[in-house]
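Two complexes follow with subunit A in common, the first pairing it with subunit B and the second with subunit C.
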Partner chain A sequence: MRKTPTPLAPLIAAGATALMMATGPALGAGLDDVVTGHILPGHAAFAERTAALADTAAAECTGPATQEAYHAAFDAWMGISHIQFGPIEDLNLSLSIAYWPDPKNRTGKALARLVADEDPIAQDRTAYSEVSIAAQGLFALERLLYDPAFSSGPYVCALTATVAGALADTAGELADAWPDYAELLTNPGPDNPVYPTEADAARKVYTALYTGLEFDRDTRLGRPLGTYDRPRPNRAEARLSERSQRNVELSLAALNQLADLLATDPAPRTSAAFAAARRRVSELDDPVFAGVADPMSRFRIEALQQEVRDIQTEMATEIGTALGVTAGFNAMDGD
Partner chain B sequence: MPDRRSFLGGLLAATSLATTSWAAAGGPAYLAAARGSDGSHALIGLDGAGEIAFDIPLPARGHAAAAHPSVAEAVAIARRPGTYGIVLDCRTGAVKTRIEAPRGRHFYGHGAFSQDGTRLYTPENVIDTGEGRIGIWSREAGYARLGDVASGGIGPHEILRIPGSTRLVIANGGIRTHPDSGREKLNLDTMAPNLTVMSEAGEILDQAALEEDWHQNSLRHISAAPDGRVACAFQWQGDLYDPAPLVAVYHPGRGLDVLDVPEGRLMAMNGYAGSVAFFDGDRRIAVTSPRGSVLQVYDAVTGFVSQMPQEDVCGVAPGAAGAMCTDGLGRVGRIGVTGVEPLARHPLAFDNHLVALPV
Partner chain C sequence: MNLKTLAILGTTALTAMPAAAQVSKSDVLTTYADIAHAGYEDSLITAKALQAAVDALIADPSAEALQAAKQAWLEARVPYQQTEVYRFGNAIVDDWEGKVNAWPLDEGLIDYVDASYGGATEENEYAALNVIANPTFTLSGEEIDATDITPELLETALHEADEVESNVATGYHAVEFLLWGQDLNGTEYGAGARPWTDYASGDACTGGNCDRRGAYLKAATDLLVSDLEWITGQWAEGGEARASVMADDNAGISAMLTGMGSLSYGEQAGERMKLGVMLNDPEEEHDCFSDNTYNSHFYDALGVRNVYLGAYTRVDGTVVSGTSLSSLVAETDAGIDTELKAKLDATMMEMSEMKTAAEAGFSYDMMLERGNEKGEALIMGAVDALVDQTASIERAVAALGVDQIDFEGSDSLDNPEAVFQ
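Right, the complex of A and B next:
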């Protein structure tokens, strides 16, 4: 949904200074919408779906209903996986929800160790947050539900229910913490210790959006693409549960929504770039990006990667500049 | 009661200090290079409250500066692969003189003075061979070049003097670059970074490195304590999702001890530590990651203590209470227990480093 530009918009278009934009009223409206239309409902959905997953896993372990609930929870995660600031950062919860990429197979090894030892922690949902973070969260559940190395038995059954339960607890903790943090994000001012100006708050959200696109491009697409001479299809995200393509689709949809809410001016080129990339990924018909290893289909995934880069470029011009955001002076330095 | 001669001597010394000392330069506590909103570059003096004590133009992007141990004089050194060094009178802003890297060399943005303040040391790259050298300059002779010595590795980046001593420490980053290929890294497969301890005469006294598995962990920035410990901050060139630790402490004669950190906190640094500083009586260490937009505090023995978000943060230095940090958004802050307390904000982008001046 596109919002009506505020009266400040013509000033921005006319090239007002970053400082004027920083103090203008337009950004605050965007931030309220980001919180109420994206962040809070996204976290509530993730908490609900993981709670449902925990209930299902407790009832039927690793069966098809649990797999279905796992997909629903993962879908919900893709709606907010780019929100890597605020409570998730303060509470250090990111990796215990989604431990990926995992080039050293730490998830597989950590779970295999628990199973081999029949570690009693599998019975303790509350204490489970103490185990290796590689054995927690969505990617641990994926192994337990889809990796034939973990054939179902009473121990794996209990472990699955516990991992799902602990994930639901984490998601609940995150959803509970967001309303307070949202107060900070939407009420910038001199007494706000984190966001003294609206520009600071808007920059935080914009950076999350930009970094989310970068993760899709460099990591979700870039890691399986590898190089032309050495494609790495085994590095595709969530390939055991065949979610690699779906995750990029859902991530781009969520980022598109966030961009629409954040932008206070029409951003037609950004919208068009999102539409092009979303169309291409939805038409890929390559659930685990196996096509990276085949020169004929590889180019379509490379083209998608380029289209995600195009979104970043358009967004930097249409949204980033209006927010007074440029790439970090020190972050880009490399010394 | 002092006799007349020592009284006069004392008076003279006081007069001379009053006119050339750091106090005469407006009481700055820190130096930082910065870019102005008009794209110009400057060396900024900051007081302990984060306010600007002085502002001296630079011809191109700076990086860090070497502060003279007693006289209000600093040498701003060009960012890699720049070749200028500008000797500034920090009382007046006047350029006292310039140094230029010898033909075929470039600087790395850092430098350090000898304990007696008579010599300046500058890490340099021999562009054709990639060899790391330390240039030596005589302040007494108007910053004439005296010569140079081996840095003990490739890509010497930060150099410091251990406070109260005549020993220098050098972070040899291990990465070879050539100005013809910009900042491209030419030797990632074979790089071998190290920390080198050197006498002021240029004699290598000790070297330390991480284990071989982490040879792609580039040591760039250091902070030195009077007891000879050196806090080391690394930049990981391997897989970001299989990261090496980024903070270690060198103990004289014992090598490097990696500091413990939870995996999620290590990942938050994005493989990149930009700057490091001992603080709190050299018991704690602050490290910054502009790429992760976080600042982390470590106990020098037990490891990770806390993390706070701070956009584009990089410069960090010890302060009267806690430590101070600067960022690319022009903010100066004091590092607290749970967050960064804002002190001041300027229409500047502070560059990588915040250099604490002699008290």
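Right, the complex of A and C next:
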């Protein structure tokens, strides 16, 4: 779905912004579309699916229906996980939804402690937000649902329902907070405490898009890739529930949608770069990126990583420049 | 720790400086380099005192000798933590500091640990290697002969072994672990309680392999001293770190502000303080074995203030001072200078409250306990003050018109996808 390109640059001047603020309508179709076509529906879907997950977990604990509901909720999270500004930042909810990477196995240790103590907090969905963030959210649920170390039993059952319930509450809180924040994002102006200019708002969204790609490249792909001599398949994201490949697929799809909505001019090279990377990841047939350890399949994952980098390069030229935002590639590259 | 700042997003308008600037940027940078040199030299002096105490402990183990070594370690941290502000913005320091202050560590690599520690992890195959108990072992497919525990062995074969950052074999925290041992008190009061007999000889030896433990402690301490000697030289007249800072006025000033902002924000407020509160995990303490975390935080913050005010009080009481960054900012915008000074003072006050409570018995790990609102308030008061001062540091960057460098972020403070590694 492409929208009518709107030249943004001439409107960035502070005077024009002030004038438009005074007369009411928001500037920048790009930002409006980002909010109504991406951010708000994405958050609504995440709230809905985590609520369904909470209901299922309460009824069924750790069975296949809960696993299915967990996947649906995680899918929805991938639609918005790159939106790390606004309510999620202000309410400090990010890590309690998804605490990963977790190199010190904080999640496993925190859950093991709760289980060993049969900590009564597992019965209290409301108070659960007090516990270590490592024992909250999607990655805690993954452990409870897929790690054999957490064999089923009444305590783990109650804990699973509570973690799912608390996650649904968090997702609901986030979805409820977005409409007000969207007003700020789509109405920049001198009286706007967060976005005094259109450029500030555009930069915020662009940064989210850019860093979302960065996270796919460096973390979701880079961690399991490790080095050629020392690949790290154990570090793939959500490998217990076999979502590593799927998460990259869904993340790129969501970022592609965001780029389309944000772009104020046609961005054919960016679109082509997205298409190439999305095609490759969908054809990998390697759910947990086990292929990083095999030279024959490793090169495909390395190529995917390069293609994500290509998206960033094209995007900086086609979208970043039009928005008056530049990104310094050299400083980010190399790690 | 792998840290890299990111120069990005937007260009800062170059503010025209007054034609006849009174404050010379080069003088400001000279003060900055002088303070760095004094801070690292003090770190070296106090590390040599630690080295002497360690030698005494190994030669004649006793409870008193262990206590003396611990005391020397605590004193050595005071000047070192004040130098941490030099780490960000100075590549030469950042590349080096992982050897001396890497954290957090999987201490089971080095010595025995409690059963609750667990063994190897998905992330780190060697998290429980226990070099002290094993003279030979295989590491990343390679046979390692650790019969003689030498600084070279620690530095080359063991540190960041298998490319895992938490395999910390050297530096202050490795020494800290060898002196204090694991803190098994959770969020209760109390630090690590390694018995002095872990260094005793013959039948008195506890924990096994006391000779090798002593050899490890000696090697790690000697390496710390030689590493500090090296960095002190880098900041001396003619040293590379000094030359690099002095090479370009604007880049040098930018490095100063980057160091202040990155340490305040992402590293200290985020990774070291807020994340610990969010995890309720005493292992997230920066000095988790010795329970000296409050001092690490306090002296980190003081180091930021030293850089801005252009003054540092040495361990012997000498004051090193000169033309300050503060005076340079004041010349351009007195309001921002006043604001930033006030915020730096506010941070020190918050840090002092935390430190005072900790010294009176409300230790940092108790503050981290789940649901402990008073502890959380003490820590978050300091976190908020650090975040607040970062905003003023950013304004100072803009006012001076030096290159905008984004400060180090933290996934506990902001976008986890924007943690620039």
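What we mean here is this: the second predicted complex is superposed on the first by the 305 of 335 C-alpha atoms of A that agree within 3 Å, B and C clash if a C-alpha of one lies under 4 Å from a C-alpha of the other, contacts with A are read in each partner's own complex, and residues count from 1 in each chain.
Basically, a contact is a pair of C-beta atoms (placed from the backbone, for glycine too) under 8 Å apart; a residue touches a chain by one contact, two chains touch by 3 or more.
Keep in mind that what you see is a predicted model, and the values were worked out from it rather than measured.
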Margin query: I'd like to know which partner A:109 touches here: subunit B for first, subunit C for second, both or neither.
Written below: second
Note to self: After the superposition on A, what does A:204 contact: first (subunit B), second (subunit C), both or neither?
What the structure shows: first
Checklist line | First (subunit B), second (subunit C), both or neither touched by A:194 | finding: first
Next item on the list: Based on the superposed arrangement, let me know which partner A:226 touches: subunit B (first), subunit C (second), both, or neither?
Entry: second
Note to self: If we overlay the two complexes on their shared chain A, which of subunit B and subunit C does A:153 touch? Say first, second, both or neither.
What the structure shows: neither
Notebook entry, point to check: After lining up the shared chain so the two structures overlap, which partner does A:94 touch, if you call subunit B first and subunit C second: first, second, both or neither?
Noted result: both
Note to self: Residues of subunit A touched by subunit B versus by subunit C: which partner has the larger set?
What the structure shows: C
Check: For subunit A, which residues lie in the overlap of the subunit B contacts and the subunit C contacts?
Finding: 85, 89, 92, 94-96, 103-104, 133, 203, 207, 328, 331, 335
Check: subunit B touches which residues of subunit A in the complex?
Finding: 85, 89, 92-96, 101-104, 133, 193-194, 196, 200, 203-204, 207, 328-331, 333-335
Check: Within the complex, which stretch of subunit C touches subunit A?
Finding: 2, 4-11, 104, 106, 118, 121-124, 140, 162-163, 165-166, 278-281, 283, 370-371, 411-412, 414-418, 420-421
Next item on the list: Would you pull the subunit B residues touching subunit A in the complex into a rising list?
Entry: 35, 63, 79-80, 108-109, 157, 183, 220, 239, 241-242, 262-265, 267-268, 274, 290-291, 293-294, 307, 309, 311-314, 327-328, 339, 341-342, 349-352
Check: In their shared complex, at which residues does subunit A touch subunit C?
Finding: 81-82, 84-85, 89, 92, 94-96, 98, 103-106, 109-110, 130-134, 203, 207-208, 211-212, 214-215, 218-219, 226-227, 230, 234-235, 325-328, 331-332, 335
